[in-house]
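I'd like to ask some things about the structure below.
By written order: A, B, C and D. Residues from 1 in each chain.
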Amino acid sequence: MTTPIQNTPSTEPLPEVSDWWTTAISRIRPGEILLRGYPVEQLIGQASFPDMIWLMVRGDLPTRSQSQLLEAALVSSVDHGPQAPSIAASRMAATCGLGLNNVMATGVSLLGDTHGGAGQQCMQLLDDLIQQVGDDGDLDEAAEDIVATHRAQRRHIPGFGHRFHPHDPRRNPLLDLVADASTSGAVPGRALAAGTALERALAKGRSRPVPMNIDGATAIVYSELGFAPELGRGLFVLSRSVGILAHGWEEKSGGTRIKGPIPRRLLPSYNGPAPRDLQPEGTA
Amino acid sequence: MTTPIQNTPSTEPLPEVSDWWTTAISRIRPGEILLRGYPVEQLIGQASFPDMIWLMVRGDLPTRSQSQLLEAALVSSVDHGPQAPSIAASRMAATCGLGLNNVMATGVSLLGDTHGGAGQQCMQLLDDLIQQVGDDGDLDEAAEDIVATHRAQRRHIPGFGHRFHPHDPRRNPLLDLVADASTSGAVPGRALAAGTALERALAKGRSRPVPMNIDGATAIVYSELGFAPELGRGLFVLSRSVGILAHGWEEKSGGTRIKGPIPRRLLPSYNGPAPRDLQPEGTA
Amino acid sequence: MTTPIQNTPSTEPLPEVSDWWTTAISRIRPGEILLRGYPVEQLIGQASFPDMIWLMVRGDLPTRSQSQLLEAALVSSVDHGPQAPSIAASRMAATCGLGLNNVMATGVSLLGDTHGGAGQQCMQLLDDLIQQVGDDGDLDEAAEDIVATHRAQRRHIPGFGHRFHPHDPRRNPLLDLVADASTSGAVPGRALAAGTALERALAKGRSRPVPMNIDGATAIVYSELGFAPELGRGLFVLSRSVGILAHGWEEKSGGTRIKGPIPRRLLPSYNGPAPRDLQPEGTA
Amino acid sequence: MTTPIQNTPSTEPLPEVSDWWTTAISRIRPGEILLRGYPVEQLIGQASFPDMIWLMVRGDLPTRSQSQLLEAALVSSVDHGPQAPSIAASRMAATCGLGLNNVMATGVSLLGDTHGGAGQQCMQLLDDLIQQVGDDGDLDEAAEDIVATHRAQRRHIPGFGHRFHPHDPRRNPLLDLVADASTSGAVPGRALAAGTALERALAKGRSRPVPMNIDGATAIVYSELGFAPELGRGLFVLSRSVGILAHGWEEKSGGTRIKGPIPRRLLPSYNGPAPRDLQPEGTA
């Protein structure tokens, strides 16, 4: 009945299957795990977790200053409560009978262009601003131009403004750490200058300034450390995964089943068509 | 045409909407972010990233010894190369035009009962063994019973055996750290005793012992630190997310589009029905 | 600096890479797409979408009666509104800047053991009941035993009871279609008998009967059609994906950004520790 | 120890929680399920599954011609074998201990901008072309301009070209159905004209024409039916979910555990740094 058909005639040359999956990250052989060249057994107990993140993503180990600055940024953005859709979605997932891996994947998947991508976009903007101005140009002037352009196009400047916090409590400690690292020569300090120039430009002529938010503050840290903008989102995912795990686990431990977004006796509003009957000819 | 219908008559009492989303993890108010009671601005620069993971999941800060042991386990399992389906899936996702958040969610979602759940199952087994034996019972005897029962049922003992490593290079450094922490009184040492008893029982009478793998070694660490078994999977997800990010980013940087599992000129084999024609009456 | 290392010595025999990805579902060659043996160009315009679902999952085309019954079940469960966590999560995802594929994956991922798996569990229960009683045993008696056992263990019977509908409006039309198909000999009718026996057993001695819900009604359909229980969940996913798409698209079209589960000025309740200061020695 | 804190003072006015989740798609009340105004019990057994997809997404039922054309497109793209990363990823997920919902979500998530989004982009291009030319302009001339511009920018024209099929077997049957529907007045036929104009423009002066692929052919169908471009991706997801389910189930039934992308004895190639020792001062 069934005719097995071999699609790869044996006369074909050896396919380069291993090369299809080439990587510079790890070499796994029997009894051996090299990560970026280092034997894993040397890293365990020696490298910090932020060291490992840096090593895996960048290819080499960071200095102690770089690692500490990365660690501070990772610590800063672990959670912003169940009002964040990523946290709420993972809590709901936890009540639907999923393993914690799928609960966490649900929350992580929501950190998209809008929710988790603002940091990435801010890094890009800082980068553009720095490139445009060069090493000794006037950042304030260029920042004001950017703000004016965005305002004219009614576009939001990523990394600034918060629907919630008039002043984000995470801004100052992060920026202070960057300033210290800049003073000691551990980071260039140019992204810090660009970010605060944007903040000043946004505040100009307003009674209520537009505050730098966590996306802006971590964008400065990650830019100072030389991460590509897209990795800003990746690092945010690593950080927020901690809050997602904590909330998913709290919800799972609570034992609620199939939790909707609002209490059960509340119903969503309906603004669709009034009840109507199916016309037999309608579907045929 | 459209009749808006209000589902919640205003005569109903105020729904306890806020209570529907109660949490003990974070309190977010304008200008304030408390994480397990601590102001975030105090944690930034002070708490390590493993401290934060512990704080968020457990509710209080760890001791330095606890934090270092957790950190070693998180470092140990970041990656096992593109042969792992979680890594391969995230690399393929990276070539399909997804943001890094969705690339990472794809890999994380594969860390299920079989792929990422062995550590959780091993923690449960260690727990059962310790409960069964009590504080001063004979772990070796009980471990031999468990091994015999599993063998009779042809069941695999989670945390032991590896299709690849005759000896997992991550075992010794992790177990050495647990042994040190046990000697200093930082952890009880009972899960270490239970795990090595299982290892001895598995080796008995075999020329080629069944090695403890990374799931077994990290299960011992997480059990010693008092994490619930299910959290073993959550911590593994946090750790492996680092490798998933590194691999997803490497693949994305490479620029391949829509990468399949094998090189393009290789075709999957086919063992289905031979070509056949649709019979008009077949589909009615 | 970098030393490329070839892991597959060319002296190894040709790996059977194509066989690693063997499938009986499709054969794709240049200019040819066979699905279960049928050329795709014959199926387009001839097979209905439910025909294709059946063909792809089962391997052969259904009869017209089978296809119509499958179609009715697929139609019945497309949506249950934003109170369902799968729908709410996908709507929130749609406001976070994800593509519709990731919006849909977010909703689909929530149809787990508890949310989407009840139909699968009910199919298993119907199967067990039918196996236990045999072709001519008394289903009512066996159903009463099952109900008694579940009640004694305080376990829920999957497929029955609804927090919302005293009578699920989808039950009768689906069961009527099964009854008709049974009368005409198109399906055996045994799962229908088993399901209604469970319903009677649950109602016995209660003033307010426990109604069969959509999971129960579709479980009867899918069991009558000979699907494996696990596929019950898969078919439900296909059906609910329609509602997930409709809701994700409606939300995306609305333009809200980063939508949380409750209106912005409402805050989640907090029952964690009171504000406390970090003790410097606490984190060591 | 714990101080519960109420975040919503009772003096606040009733929050419009139900309005936060307003929808025009479904109204769910006790004993009632209205879908776009129709009682679900009238739809079951009357509406086809493609009817329901159209109703849920568009708000009204399609004509029979519209429904049949939609059905043909849904049938056409269910599968393209395990070489597609979406299928391969879901097959790997099926070996990692996930429920079928998470297996399916894994595959669906990969249908991103590059893998599943080409149809959406082609619909946008057809739309732009039609808008630009107007009702009676010369599509061929405009199509040649577009092709020239894309070639100058070394950009790919979405919906055309296939690494595999010199002629996609799904093109002709789909385009024939559109041509018939256009002749009968069921669809305008303008997207068909635009798509074939692009095909001609691409073929001009080439010995080997660039064939229209499935993304192009279904883009013509969905555009003729009046779907927004973004929904093209959503409809593709519904269609490909069928193949994802079939492949995930086949793999799950096979019983392989933790399946990597290539056979186990093949190792990925490594082009990273040579083995190196950790310098104690390196991690500080």
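FYI, a residue touches a chain if its C-beta (ideal position, glycine included) is under 8 Å from a C-beta of that chain, and two chains touch if they have at least 3 such contacts.
None of these values were measured; they are calculated from a predicted model.
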Rounded to a multiple of 5 degrees, the Cα superposition angle from chain B to chain C is 180
Rounded to the nearest Å, the gap between Cα centres of chain B and chain C is 25
Distance between the CA centroids of chain A and chain C (whole Å) is 31
Per the C-alpha centroid definition, the whole-Å distance linking chain A and chain B comes out as 20
Contacts with two or more other chains occur in chain D at residues 2, 5-8, 15, 17-18, 20-21, 23-29, 39, 43, 47-48, 51, 81-83, 88, 97-99, 102, 105-106, 109-113, 116-117, 164, 261-262, 266-274
Among line, ring, star, complete and other, the chain touch graph is complete
So, in the complex, the side of chain D touching chain C is made of residues 1-8, 12, 15-17, 20-21, 23-28, 30-33, 35, 39-41, 43-45, 47-53, 56-57, 68, 71-72, 74-76, 78-83, 88, 91, 99-102, 104-106, 108-113, 116-117, 164-167, 169-170, 172-174, 176-177, 230-231, 233-234, 237-238, 241-243, 245-250, 252, 262-263, 265-274
The chain A residues in contact with chain C across the complex are 2, 5-8, 10, 14-15, 17-18, 24, 27, 29, 81-86, 88-89, 92-93, 95-98, 102, 105-106, 109-117, 163-164, 257-262, 264, 267-268
Listed in rising order, the residues of chain C that touch chain B in the complex are 17-29, 34, 36-39, 42-43, 46-48, 51, 59, 61, 63-64, 67, 97-99, 102, 109, 261-262, 266-278, 280, 282-284
